[in-house]
Amino acid sequence: MTRTAPEVVSPDDGFTVPELAIRGVTVRFAGLVALDSVSFTVAPGSIHAVIGPNGAGKSTCFNVLSGVYKATRGTVHMGGDELTRLPPHRIAQLGLARTFQNIVLTHGTVADNLMLGRHVLTRAGFAATALHLPGAVREQRRHRERAREIAEFLDLGAVFDAPVTLLPYGVRKRVEMARALCMEPKILLLDEPVAGMNTAERVRTADAIAAVRDNLGISIVLVEHDMGMIMRLADEVTVLDFGRRIVSGPPEEVRNNPEVIRAYLGTGEDTPVDASVLGGFPAAPSQTAGGTRHAQRENEERQQ
Amino acid sequence: MTKFSEIALNGLALGSVYALIALGFVVIFKASGVMNFAHGSLLLLGGFVIAELHDELGFGGAVLVGVVVTAAGAGLMELLFIRGLGTVELHVLTILTIGIDILLTTELVRRIGSDTMSLGDPWGNDSVRIGDAYVAEARIASIVVATILIGFFFAAFRYTAWGLSMRAASEDREAAALMGVSMKRIQLVAWCIAGALAAVAAVFLTAAPTSGLDRTTGQIALKAFPAAVLGGMDSAPGALVGALMIGLAEALAAGYQSELDVLGGGVSGIAPYIVMILILLWRPTGLLGSKELSRV
Amino acid sequence: MSETPVATAAPKERKAPADSGGRSAHTALRTTLRWNKLAGLVAVLVLAALPFYLTEFWLITGLFAMAAVLGAIGLNILSGNAGQLSLGHAFFLAVGAYSYIVLSGESGVIGTHETDGFGLPPLLAMAGAVVVAGLFGGVFSPIAGRLRGMYLGIATLALVFIGEHVMTNAHNITGGHNGRPAEPMSIFGFSFSDGDPDLAVLGVEFDRYERLWYFGLVLVVGGILVARNLLRGRPGRALGAVRDSEIAAGVMGVPVARFRSMAFVVSSMYAGLAGALLALVYGTLVPGSFGLQMSIDYLAMIVIGGLGSVGGAVAGAIFVTVLPQLFSHYAASLPLVVEAGGDGIGPTEAARYLYGAVIILVLVFAPGGLAGIARRWSLALRSAKRPSSPSGKTPPQGAVS
């Protein structure tokens, strides 16, 4: 899998993926500083992971990007457009889509949810819909076809007309992602897309994310805890801790960065620690076979 | 000046009675998360029982029985419908209370018919002179009794185990339950207290200078809704403040009706609602209500 | 554990068995829709035939039910689909009713009161009433936008009381305590009243209520179709998203404030239409008809019918309107019930008991209302009829892990 960020996708009906620039963003809630002057850039068409221990501010970051929270200071730019003061629906119209950690799906079928994702791309208003005007009917049909295509892209064709409440967790997560894709965004924010999934589902989701990047050329920002998946997928990684950015860079560099390791383990030691402590996902063969430090300690305890 | 002090005292008296109703309302909301639209029928129940029994048992005895019966009635409501349904959405429970209200009110109204019943209160039509103002004794009594009861209530809220559990539960039900708070007992006690307060309120709502208990008495409880809402649905002090504001607004509107004629006759009836809307425009969750924080 | 990205060519054979679940859900959906259309057509035909058989009492009841259906559909869109609890529906009905009266009525003097009127043709006045009610809804919606949940509910309650107060006092509009008559409907000279022209169809005299019946029927069918279109289309989805999670809706690109506002406008337009129809049916409106009781009735209608469902709103509206009339008409033959005014349970009380009891029972045993019950039946029927799928042995390859 290629690690270098691909070139900006050549204009195809005017669809250029812009750079997402976060500059000095600070978010304060009643005395608590959730984000402290965070800056990083998401190159167009790349997969950018945001990682960090719990409470580091990753979801807060997503909420600022999508307009759910207002930044106390700093700016967010998507290409030439400034997102910082915009309400969420304006940001969505500009081409930024996101999924949620705790799935927020509306009632109805998968198709209904995906069609909701088409809201920004459709225009039928109250009057046109109420009167069943042919333009509105045609638009609905056209977009439903497109939604079905996207559903099949993520292997949801079989459940397209099934009620979401009946579907298992893993499938609903995929519907959530499909719905975000239905917005045909230029930048996609995925908030812990594999949380709660088993290994097979994780692999499939990782493949889907890679396929999205490869086929659509859009930027993807990923919040995840699964290190192995991040190592495999991400072109660049930003690490947050206590609301501050520690480092940004390619996954290999970040993985071996002592500050990052310290942030996760909280050790004061300078001893280089095996980076496989950030394990989880089936490791690439190049990693040490010594097992994790945690596992080593367990072994010791068992032998006693 | 005399007129103003009379109006102010009347407003205070009215507010104190509304406070009894509004507090019960808020207590139920904090304990069960439900807006109790059956509160009016509880009030009517309490008043009716006292009206029927005061000849035999005397005023004091009747009030005692009335309070107990209403508290029991409220507790029964909680047991059968609110708790009995398990986990149901709160707005469904709220509409359920409308159904309960219809049942109970219809039955009570049928028995009351077109009569106006007296509750046999000892103050009758006597007035008392305070400075230059003449105030009905009953009104003074309502202020005194309400203050005492509200004082007890807040003390209980603050210092008893029940009060602590209530406050904990209304902040975070799950955490409270994990900490061993018995939700069942808290809710039952809350409803019973609300019922008892409503019965006492009925006494003062039907004392002088009103003519007594009639079929429309239950609707007065509706005026306490805005009191609870503008103070903040989950705030007991808010209910108190709200009730006083509403009582004063109503008394002022009634007292200065002639000056307010341009707004139409009977403005005092809608004064509570106008005040409430104005406050809600300024503070969408009431004066002292907690703002909702959503975590995504 | 496949290494190939999901997007690249999934073999056709892999798709087929996995699709059978979705396909059958799809065809089941289409069959249901076809049945619904058929049922709707039959219902309309039956309703069109009724004026030939019904007495005046039942015609009036039916007309009340039609107005209730229109109002309930509107409230359902607001509270069921957009999730905004409103106890103020009666207010918007009043606005519609009095707007019709003022727009179609003449200026002049009734008794000792002056009255205002614009003298517009009745059909235009009715359209105007709908627009005015919608405007009021639009004006109130920013207030509604700031409030949530129970706060919104009680604020709308305030609307009802304040509205009643204004109506009692605005003699120029409402004609004071004696009320004010409403201009009968007339379309291109054909008057919907007793005569003008005299009309008899198949030997049956077609007077005011018979004529209004068809007028009402057209309004109701139109109202149902419009609501269905809205809820099945883009606006309906957006409203549902706003109800379920305003944050998620915003992030999907739905301008939340605007849609909450539109929900109020649409809902009040329906209420306005219902109010205007009521004015036509009553003939004369006295103040006091549009109070808290009516608001609660509408809430009960959509709850009993099933929140979020147009068909449910229709069913609930018919139920709540017709029930008390049934009781009062057949009071004599019901056990336990005595004539009005007698000792014991009169017909109005009996109707109220049943009303309260039904609200409780529905919420306890069928929180989805009549629509929910209907849905469960149709699901049960469908799964009983459908044969097991032929490829049922091995789990389809594309299946969820």
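Annotations for the structure displayed:
When the chains are written out, they are named A, B and C in that same order, and each has its own residue count from 1.
We take it that contacts are C-beta pairs under 8 Å (C-beta built on N, C-alpha and C of every residue); 3 or more make two chains touch, one makes a residue touch a chain.
Fair warning: this is a prediction, and the values are worked out from it, not measured in the lab.
Central chain by Cα centroid: C, whose mean Cα position is closest to the mean of all protein Cα atoms.
Sorting all chain pairs by how many C-beta pairs they have in contact places A-C at the top. Rounded to a whole number, the gap between the C-alpha centres of chain A and chain B is 51 angstrom. Rounded to a whole number, the gap between the C-alpha centres of chain A and chain C is 42 angstrom. One simple way to say how far apart two chains are is to compare their mean CA positions; for chain B and chain C this gives 33 Å. Shared interface positions of chain A, i.e. residues touching 2 or more other chains, are given as 68, 100, 104.
Touching two or more other chains at once are residues 296 of chain B.
Counting partner chains per residue, chain C has residues 247 touching two or more of them.
Taken in their complex, chain B has these residues touching chain C: 35, 81, 85, 88-89, 91-96, 98-103, 106-107, 110, 222, 225-226, 229, 233, 263-267, 269-270, 273-274, 276-277, 280-281, 284-286, 292, 294, 296. Put simply, chain C touches chain A in their complex at residues 1-8, 10, 15, 18-22, 25-26, 29, 225-226, 229-230, 233-238, 240-241, 244-245, 247-248, 250-256, 262, 266, 396, 398-401. The touching residues of chain C, when paired with chain B in their complex, are 85, 143, 146-148, 150-151, 153-155, 157-158, 161-162, 165-166, 168-170, 247, 292, 296, 299-300, 303, 345, 349, 352-353, 355-360, 363-364, 367. Across the complex, chain A meets chain C through its residues 66-68, 87-89, 91-93, 97-98, 100, 104, 106-109, 112, 115-117, 119-120, 122, 124-126, 129-132, 136, 140, 153-155, 157-162, 167-168, 170-171, 179, 183, 198-201, 203-204, 207-208, 210-212, 214-215.
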